[in-house]
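What follows is a pair of complexes built around chain A, which joins chain B in one and chain C in the other.
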Partner chain A sequence: MSGARRISGMRLERVLPYVQVMPLAAVLLLFLVVPLVFVGLLSFWEFDDIQYYPSFTLANYQELFASPLTWKLMADTITFTAVVWLLTVLIGFTCSYFLTFHIRTLRVQILLLLICTIPFWTSNVIRMISWIPFLGKQGVFNQGLIAVGVIDQPLEFLLYSDFAVIVCYVNLFTLFMIVPIFNSMVKIDLSIIEAARDAGANSWNILTNIIIPLSRSGIVLGTIFVVTLVMGDFFVVKIMSGSQSANVVSAMKNEIDQLYYPPAAASAMLLILIVVLMITLVLRIVDVRRELVQ
Partner chain B sequence: MPKAKSGKVELLNVIKQFDGIKAVDNLNLTIEDGSYCCLVGPSGCGKTTILRMIAGHEFPTTGRIMIGGEDVTGLAPVERGTAMMFQNYALFPHLKILDNVAFHLKMRGVAKAARQKRAGEMLERVQLGHLASRLPAELSGGQQQRVALARSLITNPRVLLLDEPLSALDEFLRLQMRGELKQLRKSLDITFVHVTHTQPEALALADRIVVMDHGLIEQVGRPEDIFNFPKSPYVAKFMGGQNVLYGSVDAVDPGDQNRITVVQESGNKLSAGVGENRFKRGDPIKLSVRRDKVHILTDGQAESAECGFTNQITGQVAGIEYQGSYVKITLDCNGKEQFVINAPDAVFFKRPVDLGDHVAAGWPPDETIVLHGDKDSSSADMAAG
Partner chain C sequence: MKESESTVKIDYSRRSFLKKASAASAGIAATGAVSGFPMVWANKLKDVELLHVGPSYSVIQEIADQASKDLGFKIQVQTAWTDALLTRIANQPDTVDVADLEFWATKRIWQRGNLQPVAIREIDLWDKIYPIFSKGEYPNGAKVSTQGALPYEVQYASGPGSKEIHSGPTDYATIIPTVYNADTLGIRPDLIGRPIESWAELLNPEFSGKTAILGIPAIGIMDAAMAVEARGDIQYGDKGNMTRAEIDQTIEIMKDLKSRGHFRAFWSSFDESVNLMASGEVVIQSMWSPAVTAVKTRGIPCVYQEMKEGYRGWGNGMGLMAHLDGLKRDAAVAYLNWYLSGWQGGFIARQGYYSAVPETARDHMSEDEWGYWYEGRPANDNIVDPYGNLMGKAGEKRDGGAFAKRMGNIECWNTVMDENRYMVKKWNEFTAS
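Right, the complex of A and B next:
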């Protein structure tokens, strides 16, 4: 009797962890893996500009790789990503540095960090649209510059341009850089910085030899957020460029609007592959898991 | 190796305030070149602040700091020729041990191969050559401490500053590292300034002890002087090994002004020599006697003056702790003051006492020390344990 119970108890012990991960596994399976498999399958279906049929053809991929547009879109997307990444890293690192090393009390640190999140109290769309009256031809910025006398003609490049797209991305995504970098920076023991100064390091040495290396995991996490967000966006690039610029996803959106599902699926697969490769590369350079455990 | 510069440290009228609170109050202190100086005191007494001001990690509100005769008050740490070893070692967690040690050389622009060679030699010297490519987190506490030491020594300092260097180690390692610090001191002709709240550490290492309390120096001296002749009840209690007795002067020997009789609140009378100081009847006075100079007396001894233990105190045994080479016996005297006797184990076990026994303890009057300072502190009681 007791023996039997022990056996069933041991069995339960072995099964329990699987039961515990089941809900999350089910969600991921249903809403991530299954749709991805469908998209993957769809990308091999046959398509004749009007209808699509279940089959297995590489035609969608052949067309995708053969089209110069694909590579141009991909290059534009990566350029956007690179510029936005650079700006968000610079701003995010600077803000975190200020919060960590120039604000003495935890209370003020948290207060200022909360202030950074204020724009997030409203939706992405509102935040994006708000730039239009500011950057527009008759917008606040142009009017201001004209009033001060810096310019006499409104600057045209401010809105409906790549500039506007980048401004908007930076505004939307910098917080995703600040928070992880701040998180890794506050963990730096101040006596380490003193020890560096004791060993003859100046402020620049301390920044490059101590603070940047020890903020690495935060920078990597922020990079993952920003890269995936920018590469997956189609809305900002469409609105803020006034449909003059495009990226991979906005082109995909056009295809979907025209019910060109198999070609859209093929370019989705390509995009996923490239993003995964980029993230893998980043994680190869920095072992985030080890850094987080430390 | 001839030393380039003197490691004499002087603090002149140094005051340090934090938000209006004086952490260090008008301090004057000279630490001779090549000496080993321990700053001791309970936490918050200002000893670490002094160390950090010598290191240049903190600047005095007023006053000057001199090293080797030069005014270094406003200089950065690296310009002072000091090296500090931090309490938690403060190793760079992302750098290999070798690069931790080589950090100073890197900052000075020494080429990679050269600095790694010198750091490797320094690591060999602290017997850690085989761990050069490990990260700090992969090392034990004792090993980390040696790395921190190597990292400090590679700067070739004239003053080595140690902030509670042994406090994070377990008892065994602490004793081992204590020995190694002593050897290091012998092999290096530099000044050591060591902050600790552990009295045995200070006694074992220092050739000069500075006892501090609330930002002030209470007593400076050689370890044996501090231990045997504490200036005040505070020092006696903090350094340990002493019993402090309170009373008032009952009579001054008419034939010998040096000799007085002291009466305690209980009416118990003790005899003491006062040295230079002169007392008159009724003056309050504090005495101390070393725990190991006191003997538990037999009835016969207590009655006769022949054995010489004419200063006596009676009490009830409240604690007996076997300490190996001696036994610590705590007496409750009038339920107020506690009196501690450290009896050699052989003596104790020849004629043991039990908890609750009423016993008489005595010591020769010459072993009685008159405490001149007034400072008394209950925080010191706790620190001394």
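Right, the complex of A and C next:
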């Protein structure tokens, strides 16, 4: 009797993790994998500008890969991503550093971190739109500079430009860098830094040899957020550039608006592939799982 | 329009019978079958709910409320821009009952077979519909410009069950025309300070960095073409159906202008265009009539400028989704008839748009309003929109003048080209340049 019970208990132990993971797996399967499979299938369908038919054709991909526009859009998207990534890492790291090493009490740290989140109490769209009256020709910034006498003509590049797009991205996404970097930075044992100082390390040595390596996992997590958000956006680039710039998704949107689903699905698959490659590369460099467990 | 000024009073029998129908549905009249609605149905009529989906300039809550009141059943409205609506008709046709479509969009979506034609005999006021839709000509017999998707060319269906649009009249209509207008460029006269009379001004270096056009490819390229042709660069065969070579040339010219910073932005929503103009970011740009009004109501001078080359015309109509049948379809047809009966025409006239049946709209407008909106006469008194905002002061005239003058000067129609796919690709190239 007791032997049998032990066996069933062991079985349960082996099955339990699978049971626990089931709800999440089901949700992901139903709402992520299945739709993606459909998008993938659609990208191979035949298409004659109005109707599309379930069949197998490589025409959508042939056209996609043959068009210089595809690569130009991809390059533009990656450039936006790289610039925004660099800026958010610099700002995110600096803020976290300040919070971790210059603010002594936990309560003030948390308070300041919460202050960082205040802009997030309203919607992304509102935060984006509110840059327009600020940066415009008749905007607060230009009019302010003119009033002070720094310039006599409004600076036009501030709005409806790549500059405006990047300002907006940085404003929207920096918090996604700050939080994970702060999270990994506060875990750094201060005695390590003390020991380094005792051993004669200067601030630069400490930063490059201790703090940056130990904040890696936070930087990587933040990178994943920022890269996927920027690569998948079309709204910011459309509004802030006044449709003067494009990226992969904004071009895709133009196709979807015209009901050109199969070609749009093909560019979606290409975008997914490239984002997955980028994330894989990042995770290759830093093993986030191992570092988080530590 | 002169001939229709004589007061043609329409005995709108439909309205009275609908009153009867709704009364019957409320159980007041119990006298057998009302024409069109058998008694059993009339009783059920009050439970019918119709969902009317379309762009915000055409699908308006106040109109639906009035229709619900007059017809005795519930009309729900939902706004969706043409692109979103097309997607819905294509993929979730059951989530729409009445689709409010532009004519070019109808040309694009009809072949999917998700909409059903309406028999002409079901529409009481069909003969009164402004003939640019039903006949492709003006009341005086002059032909309408055929550049682009002329509504008349999209107006008729081959018949029930057919997915084909028929060129020339049949006994079946695709969509029932409702609102339409003539679009042009909006300008800030205070910031320009001289007369503007040609689309070519959109490309004038004088306004470098202060112009904008629509960022919606199909309409944007047409505004570009109007300007390019006016400047004398290209003589198009048909601006509404360009050849690849014409598309290439147009996009090259636009790319060159863009690289020199000629355009401040390409807008794609109503409010963007209002803000660009009101803030002075641009002084001349593509605009929609109510956007000009929205700028004016802020006290900022803005004119919907008439150009010598003419207007870009567009029209909307209502289409019945294929899944409608029985009582629900009858209710939808009653709704279409109500739409043409005048109340809606009067309402949208106060927003600067025209009704498919101007004569019935007139019954729902004051003499002064009719004079201002349709006849281009100076207002005797202040003119207000349906929400009470001031649209024109006493003594002012409507931009572009009378109905016949504005609609009579359509150069091309909003459209979808045969080379649409190529054009969208080139447009994406242009945006990415």
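The rule is short, and it goes like this: the second predicted complex is superposed on the first by the 277 of 294 C-alpha atoms of A that agree within 3 Å, B and C clash if a C-alpha of one lies under 4 Å from a C-alpha of the other, contacts with A are read in each partner's own complex, and residues count from 1 in each chain.
We adopt the following convention: contacts are C-beta pairs under 8 Å (C-beta built on N, C-alpha and C of every residue); 3 or more make two chains touch, one makes a residue touch a chain.
Keep in mind that this is a model prediction, so the values were computed, not measured.
Enquirer: With chain A superposed, do chain B and chain C clash or fit?
Expert: They fit side by side.
Enquirer: On the A-aligned overlay, A:137 touches which partner chain: chain B = first, chain C = second, or both, or neither?
Expert: Once the two structures are laid over each other on A, A:137 reaches chain C alone.
Enquirer: Now for A:67: first (chain B), second (chain C), both, or neither, which partner does it touch?
Expert: second
Enquirer: When the two structures are overlaid on chain A, which partner does A:51 contact: first (chain B), second (chain C), both, or neither?
Expert: The second partner, chain C, only.
Enquirer: A:289 contacts which: chain B (first), chain C (second), both, neither?
Expert: neither
Enquirer: Taking the superposition on A as described, I'd like to know which of chain B and chain C A:197 touches: first, second, both or neither.
Expert: Touch status of A:197: first partner only.
Enquirer: Classify the contacts of A:244 with the two partner chains as first (chain B alone), second (chain C alone), both, or neither.
Expert: second
Enquirer: Could you tell me how near the closest CA atoms of chain B and chain C get once both structures are overlaid on the shared chain, in Å?
Expert: So the smallest C-alpha gap separating chain B from chain C comes to 44 Å.
Enquirer: Once the two structures are superposed, pull the chain A residues common to the chain B and chain C interfaces.
Expert: On chain A, the chain B and chain C contacts do not overlap at all.
Enquirer: Mind pulling up the chain A residues that touch chain B in the complex?
Expert: Contact set of chain A toward chain B: 189, 191-192, 194-202, 205, 209-210, 213-214, 216, 294.
Enquirer: Report the residues of chain C in contact with chain A in the complex, numbered from low to high.
Expert: 83, 86-87, 90, 108, 111-112, 209, 212, 215-218, 258, 261, 263-268, 272, 275, 279-281, 420-421, 424-425, 427-429, 431-432
Enquirer: Under the touch definition given earlier, write down the residues of chain B that touch chain A in their complex.
Expert: Its residues touching chain A are 55, 57, 76-78, 82-84, 86-88, 90-94, 103-104, 106-108, 137, 151-152, 155.
Enquirer: Note which residues of chain A are touching chain C in the complex, please.
Expert: These residues of chain A touch chain C: 49-51, 67, 69, 72-73, 76, 132-133, 136-139, 156, 159-160, 238-239, 241-246, 250-251, 254-260.
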